[in-house]
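Following: one structure in structure tokens, then a few remarks.
Per-chain numbering from 1; labels A, B, C and D assigned in written order.
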Amino acid sequence: GGQAPASTAATNSGLKVGIFVDNAFGDGDFFDQAGIAVEPLESDLGATVKTYEGQLQAQNFAPLLQDAADANDLVFVLGFEAIDAMTEVADRNKDTTFVFVDGKVDSPEALSAEFRTAEGCFMAGALAAAVGEDASAVSTGFIGGVNAPVVKNCEGGFTAGVSNVAPDMKVLAQYVGSFTDPSKGREVALGLETRGARSVFAYAGLSGAGAFDAAKSGSSIAPVGIVADKSALAPGKVPGSLIMRVDKVITSMAKDFSDGKLKHGEQRSYGFAEDGWEMLYDDKLVPAERVKELEALQAKLVSGAVSPDAK
Amino acid sequence: MRLTTPILLAALACLPTQWTKDLNVGLEGGMLFGAFGGVVFGLTFGSGFAAVTLTIAAGVLSGLIFGWLITRLNVNVFIAGIVLNIFAGAATVYLLRSLFGVKGTLSAPGIPSLPTYRIPFIDGIPVLGPILSGHTVLTYLSWAIVAVAIFAVKNTVLVRHLKAAGEHPAALAAAGGNVQRMRILAQVWCFALCAIAGAQLSIGQLTLFTEGMTNGLGFVALAAVIFCRGRVLLLTLMSVVFGLASAVAIQVNDSVMPPQIAQMLPYLIAFVGLIVLARTTKDGGVRIATPNMES
Amino acid sequence: MSLTTPLKNPPQSTGRGKRSTAPTGLSLARRLGPGVFTLAVGLLLAVLLIQAQGFQPLPTILAGLDYAVGDAKSIARTLAWGLPLFVATMGVALAYRSGMFNIGAEGQIYAGAMAAALTGAYIGPMFTGLHLFLCLAVSALTGAAVAAGLGWLRAVWNVDEVLSTLLSNYIIMLFCAYLATAPLRDPARQSGTTKAVHETAMFAELVPQTQLTSALFVVIILCAATWWLSERSVTGYRWRMTGESPAFAAAVGINVRRSRIGSMATSGALCGIAGALLVTASQGRFWTEIGTGIGWDAVLLAMIARARPLSAVVWVLVYSVMRSAARGIEQVSTVPSELSLILISGIIIAATARAGLFSRLAGLNKLLIRSEGK
Amino acid sequence: MPSNDAHPTRPVLELRQITKTFGPVVANKDVDFDLAAGEIHALVGENGAGKTTLMRILYGMYQPDGGSISMDGQPVGFKKPMDAINHGIGMVHQHFMLVPGFTVAENVTLGAEPRHNGLFDHAAANESLLEPMKRLGISLDPETITGTLNVATQQKLEIIKVLYRGARIIILDEPTAVLTPQETEELFILLKTLAKDGASVIFISHKLREVFAVADRITVLRNGQTIQTFTAAQTDAASVVAAMTGRTDVNLGRVQRTQPGDGTVLEVTGLNTDKFGSDAALKSVSFSVRPGEVLGIAGVEGNGQSTLAEALVGIQGLTGGTILLRNDELEGLNVADRRSKGLSYVAEDRHLEGIPLNGSVLEGISAGLLRRDNSPAGLGIAFSRGVRQWAVDMIGKYGIKTSGPDAKCSTLSGGNQQKIVMARELEDNPHCIILAQPTRGVDLGAIEFLYNQVAEATAAGCAVVLISADMDEILRLSDRVLVMYGGEVVAEQQTVATSREALGMYMMGAQTMEVAR
């Protein structure tokens, strides 16, 4: 008995959208953030959405993307590891539009949507500094996954954000060496705590979960969330989150696509102004005037009055 | 200390299987299942104590099955161990996805964490305090097991029979002992302790489960077991050394050493130790009971 | 030597007993029996697991198989996925046959992949055939050097190769990760990837859009050569004897050290080439997760094939289809694709337990008959 | 059933119609056996006759397929060794059942440990040894690690173990295989003491001399069946051999050989080595062997004979000395090169070194041919049609009983396995062959065949170094005997001019005693 297996062939005649992730959904992070887009795509645009999971098996990327190209008009691709496979598949499937989310891709066919990392991390740094100042800490922590340009970029934005709010505060940066090791992330967070940090921001994927875990199990460190609202990971400890609106980016681009406004090879860039980033504050943990200050700072950032780049 | 506990527990788990010459190389898998069990049982029953108890029970059951496979059905213990590692990696992901629909990490507010306890007097001592105090029950349990094991090696009939079952099974059988029971018992112990080690990882240190969260710890413990050649104190020492090496690896700053190189430390120490061991002991390195490909 | 119950590995009693009791006419059935039995166990397991997820087992499996081998393109895709695995499994099996438990395949694959990626990216472009040859040769040498080093430690210093190869996996993979994220990272990329290799270091696609490349021929040649080396040649004889009984080998004048180091080096070379194929026949560059799990797959498959090259080829084929089918199943149901790994674990245990299980059943049967007789 | 006059008591143990099969092998068929109180009853028979199997059935290690056991007239059944032990049966196994890493006390008490509050009672364990040791008139430190004891002491430990369990029926399965004549003598005195105390002893041996020295009665098994039970005092060796083999023409005397030639084939001077496994290191061993000569090397195992063999063939390195084979220096060469120079080697452990146990007959027999293969990188075919044909011919020539060249070596019986080894080594046409324990575990018929092959080789001028723990073998086959003790050659004797007893004295290290006197 049981359910019959679904069919691979699409039945709907409307817009067909594929979302490919290089690992898999259910990460409570970046990929799930993209998954939120499925619902509005189907209800607002009447699109049929299919998802593809690469499971970090590099050899499967190209075949799966090919499957995606065969079945869809528009395919969003998430995850750095799939860039090569995507450019290749995009090149030979010109009737399908590929969009790479979260990064710049040089390809005449595929589009890319980049998040201005430094800008987002700037606000995370501002929040971390504000929280640290209120806890009279002299330093704040930055946990990086691996030593990659995006992460360095983020660290720069973060540091700029911190020094904008609390010029004397030191930033303790530490790299986990992996995006998938929460127990190491936790140890790093605890290590930063002993070195005097009272707030921490982890740009480290799953490893970052360790920092929330440390906070949840009694550490006095306040972790700033990233990508999604992370307050559930350490209830009552997360002062706020820097949310990456992958869903909004996807839906807006899908809308542009159905309006015929997407150009192959186009490169778009998202920040607070374009709804790519969004800050969420926990008003129980952050005083209202602090929130106001931070919102004002964000406005300045958007207007270009302050630069997110490190000095 | 935090990093030592799972290594120590896993190494203690493996010790009797070394005595019976059925060295279980599936520690990694056993721990992974333990970690998963801790989180799942914790989530369903909401209590850390229930989680640990049930995980141990599951460990005992798996140990029985494993023991049955390697004794009654003559499955080579090395093959079984390797398969266990791979199976655990796959099965936990499978269950994670099919039960909870998540990939990577299972982290939910409902997962209980084991409370930590401070030892009244020691807690106050400057340097020792933070090292020796403020741990979960499981950490203290691991120390207790070390003490019990040292005592048991000297004074119990059981350990003698376990060792005899490995060193000269025929002698034990001829003397009326039960070799198979000893071999199964060693595996049951191994799985039960691996379960505890895993639970310490997932609900002792953290309150979440990640795919492959054991991350080679089981193999490090295995190396410790091979170095100690059956001696408990040495085993404890090795586990502490490996624990320290991992701790250093985490805290070392990027500017001093890239994290990947730092992470190599425990493995490098184990590797060099292995060579030193083979060079310094008379009968060379210990052979793991690898299967005969003809069988 | 023969003692009773306590003996851990009763000396070949099972195999012998069977030989003399079974009528000769059943010999084909007996040879195929084990395979059929293990596959049946695998199938049963699959049915149970799919049913547990609330899907109809048979249609789901058929859908998966259709995805894996439904048409020429599917077959090509499935085969393309398996190419490096064939080579790696051959390598591991070759070492097992010589008594060297090279479970460091994963590390050697990584080393090979890194070597090929660097050769492909930093040397050339040049004439394709030459460039490819160079890539494969360099990675074969790299893998061979690593494995031969470990083999040397075993042969000369008696350092247990099971543990040393195991630990070497972590050391090598972390080192490659370090190279790919720090000094040799492609500056245009975010993640731990090296620069893309030149076009001339990539195999040409045979079937469009399937990634099945002309590397297929390389793989076929390597498999055949490994078979000859291991099962037919004089060197293979020496290596096998060393694995079977090192004391015998030493006594009849086979150089045991040379056999051990040689077989490890060859094994490492094959694993290195498997790594190179990951780069030159598929990825085009090295990245930190490039071969995750392939080394362990190779270890399992070599074990299940009992290190026989021919049966290794068959098992890799079966496994590639299983993996591909599991991916297909995942697309049409909620059954995670880890299904295939669970199945292969079950199959190995079933295969190794089979003899024991049957002799137990036979014993039970005998007991029943006798008690009826009384 | 011949009754025993010396022991008119009724039997304490009776085995009736015992049958046991292992698959196609019938190990015991309707075997009858009985044992009286205070009696030493020998059980003899060729290899594979079923002696060990019968005793294992008695000890509860195997379950018989048919037949009955009764003790003191009561039927009993033993499901496991513990049942037998509880009925007062003790067994000293063919192979030591001692855990090498354990202390003497731990080994003796294994399985019946004295406990105090559930814990192992060290004091009680040590004390419990005193009584059996007193009874046997020996003393041992209970804290000694067993592995460090010599074999004779370990053998005694086995008997202490049996007495500790309160056995009144003691089974000894080939207990003398590893003992010197003198040690054997001591053992017999112990056994007789025990029998006088009222214990019954079952004594298994291949050596008729010993059987006649100690036994009251002798039961012969052949092909798993009881042939006859003799009263020792009323029979002779010839009748027992006839019963064992079913033949009356078995030659137990010296093997017919040609006289050794002149000159030297092998010349060994001042060999020194490190320890080899459990065997002693060599200390300036020197000797030479003439063409066609058989040089016997006698000695208790562990006195350097294995080291000598492995050093000669090149498996074990030298720390000093020279080896000349027909004036070629061998020291620097590896095994293959030494073999190419005309050295052959029959290793003492057949299963470990002699044949590839899980390999095929073909793989085992053609190792010599394949050693000489020098196709580039060894990539040429190993088993060409020619090699196969050669193997088939050898199987015929040496009368190896097997289903064919592709049969697994492990499926052959010991004697046939040894024929594979002999065929391989002799067909190399060596100038010198080292035979280490060439007939261990091989039965009389096969032994005769193998001896004749050796005799043929010596007739062709081959020099033979015969290392054997079996004194009969040395006396029957060799021209000259060296005795090794503690890694040194302590005596050299012409075989015809020496005696078993004299050699036995040297084997015990008597030479040093003589010097002292």
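A few comments on the model shown:
As a convention for this text, a residue touches a chain if its C-beta (ideal position, glycine included) is under 8 Å from a C-beta of that chain, and two chains touch if they have at least 3 such contacts.
The structure presented is a predicted model; accordingly, all values stated were derived computationally and were not measured.
Comparing chain pairs A-C and B-C, the larger number of C-beta contacts belongs to B-C. Rounded to a whole number, the gap between the C-alpha centres of chain A and chain C is 37 angstrom. If each chain is reduced to the centroid of its CA atoms, chain A and chain D end up 76 Å from each other. Averaged Cα coordinates give chain B a centre that lies 27 Å from the centre of chain C. Our note on geometry: chain C versus chain D, Cα centroid distance of 44 Å, whole angstroms. Of all residues in chain A, those touching 2 or more other chains are 53, 146-147, 177, listed in ascending order. The set of chain D residues touching two or more other chains comprises 61, 95, 358.
Within chain C, residues 3-5, 12, 53, 177, 181-182, 244 each touch two or more of the remaining chains. Contacts between chains, counted with the stated touch criterion, involve the pairs A-B, A-C, B-C, B-D, C-D. For chain D in complex with chain C, the residues that touch the partner chain are 22-24, 56, 61-62, 95, 313, 315, 334-336, 338-339, 345, 347, 349, 351-359, 363-364, 367-368, 370-371, 373, 375, 377-383, 408, 410-411, 424. Here chain D touches chain B in the complex through residues 59, 61, 80-82, 85, 91, 93, 95-102, 106-107, 110-113, 115, 119-120, 161, 358, going by the rule given at the top.
Within the complex formed with chain C, the residues of chain B that make contact are 21, 25, 69, 72-76, 78-80, 82-83, 85-87, 89-91, 93-94, 97-98, 165, 169-170, 172-173, 179-180, 216, 219, 222-223, 226, 258, 260-261, 263-264, 267-268, 270-271, 274-275, 278-279, 284-288, 290-295. If you check the complex, the residues on chain A that touch chain B are 23-28, 31, 53, 146-147, 173-178, 180-184, 186-188, 191, 206, 209-210, 212-213, 216-218, 232-233, 235.
Chain C contributes residues 3-10, 12, 52-53, 96-97, 99, 101, 103, 153, 157-160, 162-164, 166-168, 170-171, 174-175, 177-178, 181-182, 243-244, 296, 299-300, 303, 306-307, 334-336, 338-339, 341-342, 344-346, 348-349, 352-353, 355-357, 360 to its touches with chain B in the complex.
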